[in-house]
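Both complexes shown next keep chain A, but they swap its partner, so chain B is in the first and chain C is in the second.
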Partner chain A sequence: MRLQHAILADMRFQIKHGFYLVYVIITVMYLIILSFLPEKVLSVLLPVVVFSDPSVLGLFFIGGIILLEKGQGVLMVLVVTPLRSVEYILSKVISLSIISVAAALAISWFSYFPSVNWVLLILSTILTSGIFTLLGIMINAGCNTVNQYMLKTIPYMLLFIIPCLALIGFPYSWLFTIVPSVAALKLMLGVYHGIIWYEATALVVYLFIVNYILLRFAVRVFESKIVYQD
Partner chain B sequence: MIQITLFRNDIKQILRDPVMTLLLVAPLLLIIVFKIVEVVLIPFLMQKTGFDVMPYASYVFSFILLMNSGMLGIVTGFMMLDERDGNIAQLLEVTPLGRSGYLINRLSFASILSILYCLVSFAVFRLAELPFYSVILFCLLSAIYTAIIGLLIYSGADDKVKGLTYAKGLNSLVLFAFTDLFALNWLTFISWFFPPYWITMMIKSPYSFTYACIAMLVHVIWLGFLIFRYAKRES
Partner chain C sequence: MIQVSNLHFTYGRTQKEAIQNMCFDVAEGEVFGFLGPSGAGKTTTQRLIIGLLRNYTGKIEVLGKERNQWGKDFYEQIGVAFDFPNLYTKLTARENLQLIGSYYKNKSENPEELLDRVGLLPERDVRVENFSKGMKMRLNFVRSIMHKPNLMFFDEPTSGLDPVNAHIIKEIILEQKKAGKTIFLTTHNMTVAEQLCDRVAFIVEGKIVNIGSPKNLMIEHGKRLVNIEYQMNGDICEQSFELTDLGDNPDFLNILRSAEIKTIHSCEATLEDIFIKLTGRSLL
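Up next is the complex of A and B:
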């Protein structure tokens, strides 16, 4: 019940701050660009677009959200409310995932791509979004300004994005699937190109485990370095 | 004199803060990345798929210029938002510098950097066929575009999160640099009112006096409107 209320409050906050509106604009922008691409190029670019923007939006926004709430004293109040840190973090992750899923569904639906595995699309977007939002919470520790946060995200982004080039394919490139972003992109490609059920299941389970581990870490970092920082 | 002193202090402050220094050299990294793409990826793409990027070179260059100026504008916008949250902006406004002085100081710093990176971009991508006055004009337009983005974030956003939303939305403006490719009349018409479209047009037709005038006019109108809105809001 507490979590449900926290999610609703976060969604209201996000609507008020124009998250949904800006994603409507961005989705329209992508749709215009994608509509001009031949199907062969679209089949490669569509998963990359869904993976690189809607799925990663949590990383972009979470830094500002936490810095703002810290500045407004929300985090100090949080300590004396029944809402636990894990619920606070889960509420952020789930509410941002909702925008990710909505944008991913809209881009995929209006691109009129012939074969989309909708269930897998929702699952992979939620799991990818979760990873990046939780990563953002951990990066946020020690940051006092948005510029600091943005700069700190660059090495993490490189660390997560460069291994994705392994999907081009070279000897032993499958080993890179251990990197969560590579596993997530592999799953996202499977959404549009088809994927064997046991491979999809393995990737979903793996990403779920990564999310769980990151959540545990994020709670620890959030409590020790963000809430009790001062 | 106050402006120069503050400007000098700003440089000192930025050089002392490694985060700000890195953020301000970030456009240089972007130029290096695009140069690597030009040298390595484009020939690779040509060899593997037969896809030639060269016909789209003007769009790519326009994208690089806009990304550089936009990035500096976003960094400046957030710097000013942080200063507003920390009440530093209010403190500076009651000094002889004043409110407008504060704004000019912050925006001109980013704009000068934008001019510098514009020149670096021209040197790195060897666009020698462009006339000298075009290069000067591009530098001016880049400087104005940086100020526009910085002002859009600072005057539009009430807090950091809204600033991020604005920054995300403002990235979409770059789409207008490519609308010429889509050949959609309604989209081209909308693009006329946005600076990125005219940057591409000027790169495509560097000798066109009409494009140069319209580009300058669109940029100046945007800047003027945003300064007016800021002044009205603050008063």
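Up next is the complex of A and C:
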């Protein structure tokens, strides 16, 4: 019940601060650009664009959300309510996943791409969004300004995004699947280009485990850097 | 309700011993004031009891259980109002109360009634970003009591309020006390402490230097004198008399009978005087 209230509260917070509007504008922009691309280019760019939404954008959005909450002092209040740290974090993950899934569905639907695995699209967007939101929470825990957050985010971003380039023609790209973002992008490519069922299952299970481990870490970091000030 | 004994606490980062061998207790239904200058350890003690600081030594028993044995359910039973307003600025006053209220099992007090009590009902649908500091402080205060907690922590509850609104907040605190609630008040406003607290503790450099009821402390540390200002033969005169056997003092009785009394005061100490006397430091 508390989690449900927290998710609704987060969605309301995100709407009031214009995050939904930004998502709508970005989605429309993507759609306009994608509509001009030939099908061959679209088949490469569409998965990358849909993947970038919950990952790169998600990472910046969670940073902005937590910094706004810190600035208004509401985090101080939330820690003295019965809301658990894990509920606070899950609510951020779920609320941002909902908006990411909506954007991914809209971009994929209106791009009129011939073959989309919709179930896998939803799953991979949720799992990717989870990883980057949890990462954002951990990075943000020790930051008080946008500049601090940006500076701290860059190394993580490089660590997670550069290995994704290995998927473009690198012969040993399977080795990089251990990097969660590479696994997530592989799954996303499978959404549009097809993927063998056991590979998709293995990637989903792997990304689920990564999400779980990051959630445990995020709770620990959140409690040590935000809840307790000792 | 709260029992603190041999409490020590050192901040990990600075290695500064913020609390040293602190002992006090707060009874159920009591308004307990924690007085001291900035940096004395008031907020640290409050945070230790609330559970926002760990790794203390000694004992903090609160609501019948050692503090570090409590989980998040502890917050169902307490209300906290910090000394600065922490509100969702893009939400309205009513939405702020509803949002935080939804995290508690206890059914919240009617938000409209609470807002009305602190004069914010007409602004219930106004975004908090358009509120003055005083309005935010009032909203902050009612949010801390809306889930009907048994134990409340108020940090400078009248800070930034005009006298009328400060009076309303003080009235609500006294109503809560009447309803049997326990209140832990942190302040350096002596008038607030005097008006609200059953007992006060003076704290300086992490140590409690004295505890007692404001009235008793003021009498104990005051002079047993009465100052009288009067007009006689066109002149304004002032004189002090010992309180002992005052009714048999012929000079005092003569002034009462024959002069025009302007003012008459007993000379109990103020809480601020006591604090300075005990610690050699000012409260601000």
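The definition used in the following text is that the second predicted complex is superposed on the first by the 223 of 230 C-alpha atoms of A that agree within 3 Å, B and C clash if a C-alpha of one lies under 4 Å from a C-alpha of the other, contacts with A are read in each partner's own complex, and residues count from 1 in each chain.
Just so we're on the same page, a residue touches a chain if its C-beta (ideal position, glycine included) is under 8 Å from a C-beta of that chain, and two chains touch if they have at least 3 such contacts.
Predicted model, so just to flag it, every value in this text is computed and none were measured.
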| item | value |
| --- | --- |
| Partner chain(s) touched by A:Trp197 [first = chain B, second = chain C, both, neither] | neither |
| First (chain B), second (chain C), both or neither touched by A:Gln148 | first |
| First (chain B), second (chain C), both or neither touched by A:His17 | both |
| First, second, both or neither for A:Leu67, with chain B first and chain C second | first |
| Set of chain A residues, in rising order, touched by both chain B and chain C | 17 |
| Contacting residues of chain B [partner chain A, same complex] | 19-20, 22-23, 75, 78-79, 81-82, 85, 159-165, 168-169, 172, 175, 178, 181-182, 184, 187 |
| Touching residues (chain side chain A, partner chain B) in the complex | 17-19, 22, 25-26, 29, 32-33, 36, 57, 60-61, 63-65, 67-68, 71, 145-148, 150-151 |
| Chain C partner contacts - residues on chain A that touch it in the complex | 2, 5-6, 9, 12-13, 16-17, 72-74, 76-84, 227-230 |
| Chain A partner contacts - residues on chain C that touch it in the complex | 11-12, 47, 50, 52-55, 72-73, 75-76, 78, 80, 82, 84-91, 95, 99-100, 102-105, 143 |
